[in-house]
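Chain lettering (A, B, C and D) follows the sequence in which the chains are written, and residue indices restart at 1 in each chain.
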Amino acid sequence: MAFLRKINTKAKTEINTGFGTNTADYGGRFVNKDGRPNIEKRGISFFNRMSWYHTLLQLPRWHFLFLLLAFYAAVNLIFAGIYYAIGMENLEGIHAGNLLEEFGEAYFFSAQTFTTVGYGRISPHGFAASSVSAIEALVGLLSFAIATGLFYGRFSKPKAFLRFSENALLAPFKDGIALMLRVAPYKNNNLSEAEAKVSAALMLEEDGKLTNKFFQMELEYDKINSLALSWTIVHPITEDSPFYSFSLEDFANIDGEILVYVKAFDDMFSNTVIARSSYTLREVVVGAKFIPMYHRDEMNKRTVLDLDKINRFNPADINFAFISAGNESAAS
Amino acid sequence: MAFLRKINTKAKTEINTGFGTNTADYGGRFVNKDGRPNIEKRGISFFNRMSWYHTLLQLPRWHFLFLLLAFYAAVNLIFAGIYYAIGMENLEGIHAGNLLEEFGEAYFFSAQTFTTVGYGRISPHGFAASSVSAIEALVGLLSFAIATGLFYGRFSKPKAFLRFSENALLAPFKDGIALMLRVAPYKNNNLSEAEAKVSAALMLEEDGKLTNKFFQMELEYDKINSLALSWTIVHPITEDSPFYSFSLEDFANIDGEILVYVKAFDDMFSNTVIARSSYTLREVVVGAKFIPMYHRDEMNKRTVLDLDKINRFNPADINFAFISAGNESAAS
Amino acid sequence: MAFLRKINTKAKTEINTGFGTNTADYGGRFVNKDGRPNIEKRGISFFNRMSWYHTLLQLPRWHFLFLLLAFYAAVNLIFAGIYYAIGMENLEGIHAGNLLEEFGEAYFFSAQTFTTVGYGRISPHGFAASSVSAIEALVGLLSFAIATGLFYGRFSKPKAFLRFSENALLAPFKDGIALMLRVAPYKNNNLSEAEAKVSAALMLEEDGKLTNKFFQMELEYDKINSLALSWTIVHPITEDSPFYSFSLEDFANIDGEILVYVKAFDDMFSNTVIARSSYTLREVVVGAKFIPMYHRDEMNKRTVLDLDKINRFNPADINFAFISAGNESAAS
Amino acid sequence: MAFLRKINTKAKTEINTGFGTNTADYGGRFVNKDGRPNIEKRGISFFNRMSWYHTLLQLPRWHFLFLLLAFYAAVNLIFAGIYYAIGMENLEGIHAGNLLEEFGEAYFFSAQTFTTVGYGRISPHGFAASSVSAIEALVGLLSFAIATGLFYGRFSKPKAFLRFSENALLAPFKDGIALMLRVAPYKNNNLSEAEAKVSAALMLEEDGKLTNKFFQMELEYDKINSLALSWTIVHPITEDSPFYSFSLEDFANIDGEILVYVKAFDDMFSNTVIARSSYTLREVVVGAKFIPMYHRDEMNKRTVLDLDKINRFNPADINFAFISAGNESAAS
């Protein structure tokens, strides 16, 4: 692990990233590959810290369905226990040869009440059992009201169906070099007015102390009208780039991270969606070029976007001359 | 098919359309008449590429209802099969003279369980049948939870109830010519702060290679406070227009497309709505003028908007003199 | 009805109102008092022109509930008819002495099926009746899915709970006069970043032809951070105002309309809400001043907003001197 | 209670706060600690002033559940009364030894109808009872439709999960002093593009009359890309600050309030969220410094945010020299 010893003074530092600068306070990367900040919250109770609704919205589909099933089984178990405790003689129409079968009948009576099926072969009798079943039917309906809300919340939650390339590339660009990464929409969605912001977090020695410095990375275009095809986000390594004075080795050794933020308006959700990702400098491939992701179809009637090519690139010569020059002048 | 040989150098090219420039990569038009980009996605599995929720939201109404009915019939068939396999002796109260009637009873018992009607004439008996019916009732309720979400999603999805004229017109405008197209809201909705962007995609020969070039088309007004009546979007063909040096024949022959994007705030949905459309140059009518779409009503109390007039136009003389001049100077 | 004969040439006309200028095309006022544009749409079928969902959202509460009840009664009547047609012998458990009672039993069986109560005293028998009841239960559940969506839509639809003063006032302001109107939030909502736009539509004679001209009315402040109390929107009648050269009589005689548009972010709905209103010149009170709407409470702990004072004003002398001057210079 | 006698004329007054300036009209603080304006609305009926939906959304969870239960109990009581009034002979299958038990059976029949469980042991007979039960089932389903909407509304309502420090601090900052307050997200949410606005409301004597004056407080940074960690909002007390001429005592004695407004985009809700708070001058701690809230974790892999440190600060010397100078020049 090496640190940047001399910063390109022309590079524009970014002060309002929301991350601090004291390296001693940080552990690991700032932003995870999936775009979530690499932060743990403590000091307030789990229940206050947690938004149950959003946790349930973000659960993988099968976990969510399993959870619903487990909840259903557990609720019925509890209510079956209550009916059993009240006394089975209060449930009319039970057919049971032994205690287990009796409990089974109570269990299924509970299920029939909770779901409001209420066949009526078994029915409650007396104040206690009738009250419990009235409560259970209410609980059942409210549970399904909540489930309805959760299903709708899961469906309608705006998500940026965007895929980032696994790697960022140092690619030839015009007469120089640019850092490039690629993003593409992968569902039947329609993104307009996309906007990208890219920053670099570099660890550097200042007054003998390690500090995180954030730099705004100027983009060739930071806005695009329609994000229908792939978008190659290009940061030309000019004099103003924080990477201007980097040598080939620096990309491999320096501890740094490139933070990407893409915002767009999604027609499907009629909402703004946001995607984030991050590349450590070790995830930057030096000397490569993305291969095009789209081509015309066989009938010459449509344009085809090949999503599996998002991270495909070919080796490409890049000219580090100006960078050496940059280093020399930095060293002088 | 002809290509533009000489571009109007004063025209403002647009670089951030989100579409590429290499003509060889494109097939057909960029944007379909209904506003969806003419793009096919490949290289990732159908299930990953598809957003089921949004596909179901966009299904035509009758398809959607038919799908629900088919799902209901299929689910009942499956559960009836399971009850039948478990053994009909586990369903009490069956009245059946033959196997088909027995299966029918199982089928309708399933329907009564799935919808939680649970009349109770037929009721499950024993662990297996009771468990299956408990599961079915849960599945039923969750299915209706999902259906509720889908119905609400279908209703509440913001849509731009905007109709575009079928054709764009080359119409007389002040002392010159303008390209005009018309848009009007057609439902009981209320649009404010409407904004239009129009670009032209023209195929042209550059260094002996065919390229798509995108041009921003300046509009007379690109914003409007209230889109209550029809809005004629006007691109005056001035020196800065990509069409400045076009001859009459060019509109018929050159391969080009005019992309329209309208954004507005819809009071009804309390959301931003977006409409897109596209006109190929062949859909431009040369020398025509839209007839007004609105007039005062019989009682002189309201203004009437005739939506069937959206694409009605009269022939109109346009003066191609300045365009010829443009061509000459372009040729000189 | 009089028309403006000479326009204040310093007044800033507004061209992008979305309303046209040809007076002959207009009937009545542009915008109704409740903010809806005074426009009727024709030329496309009622069903295409109508958004059912939004019509149902905007129905008054009691109409909506009555509609649900009527729908319920009608659906049951239809299904009862079908059961009756199939034959009452297919419904087990009927207790009926005559035909009317028989139909009544079919009707209530239908209601029990549609709501999925399914007591089971009456239950269907045979393929036809069972199928119809299976369909009815499905229809019932889907109807309630739709009703759930409608209720939620009605509740959650962002509405600007803003009340406008009935009248606009010509009030003394600094050394001159200003046109003032007042707006106040009337529910337990919280509006921030409010923004107002006011335009005037005046009918005037131009080249012997009547035309509508729209003018932007400059406001003292057109933005406000928090719309917690009342907001008096002030248009100072300076040299740039369209009303600069108006005489006292002009306000009474000239045919004109003041269009108001207020936009704010509502915390409660977490959404932008919009309110519109309009004042004809006849609704402008000349020489009056709003009385304050808020005062400190008895305990000196809170501020009290009196919503019934929204349109209360006192007579106030205004100095028409500068306006006469304006008229003279306009006449000279 | 003292008032500001001489205002720093370089301080930028803020005119569009939405609050008036006449002190006599105000009672207590402008904004409560929880961010709600300290205003009471009168003069329009309670029902018009109230948004039931939003009141129910803001009820604490247990109150809401209790309300649902109470509503359920009450509805069943009413319907049981109606069935009882119609006559118990119209409910088939009643097992009751006395009047109370009879009423109990009617009560539970009502619950079974309202929830659409409909076991069927008890079932209605005759036109009156059948009609009432058909209505009750409808009411039941519509109630659950409303409950579903309320649950979803409660879950999905965008809330700013932001915690403010209890105190604002007068802390050393660069070579001078700054007023600082701290805000941190406390749930598993992700805020981007946060924006803060801070104003001061100071009571001051002008022409012998007490007036509220609002001042915009310039911030070191008023925007931040990502609000993932804590954000210390810093208002440097420069010559342009309304607090420039304050003495140490003024903070304790002068009647003033600092209003804070934070707006951010919440990924989880895909919506803009807003948080407000306010600090009276008495809640400003003079000479203190926040201690850092985050540090790297034990494994050096993540950053840990300690939410219980949000209001922890250490005493710190601040240099009031420049402020005295300010006072002197103000006095001269």
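Note that a contact is a pair of C-beta atoms (placed from the backbone, for glycine too) under 8 Å apart; a residue touches a chain by one contact, two chains touch by 3 or more.
Treat the numbers as computed from the prediction; the structure is a model and nothing was measured.
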Interface of copies subunit A and subunit B: same or different residues on the two sides (over or under half shared)? different
Two copies, subunit C and subunit D, superposed on Cα atoms differ by a rotation in degrees, nearest 5, of 90
Dist(centroid_CA(subunit A), centroid_CA(subunit B)) in Å evaluates to 28
So, in whole Å, the Cα centroid of subunit B is separated from that of subunit D by 40
Among subunit B residues, those touching two or more other chains are 112, 116-120, 144, 148, 152, 271
The residues of subunit C that touch subunit B in their complex are 14-20, 22, 24-28, 30, 36-44, 48-51, 53-55, 92, 112-113, 116-120, 122-125, 127, 130-131, 133-134, 137-138, 140-142, 144-146, 148-150, 152-153, 157-158, 197, 199, 261, 269, 271-274
The subunit D residues in contact with subunit A across the complex are 68-69, 72, 76, 95, 104, 108, 111-112, 115-121, 144, 147-148, 151-152, 155-156, 161, 186-190, 192, 194, 221, 223-229, 231, 265, 267-268, 270-271, 292, 294-297, 299-309
Interface with subunit C, subunit A side, in the complex: residues 116, 118-120, 148
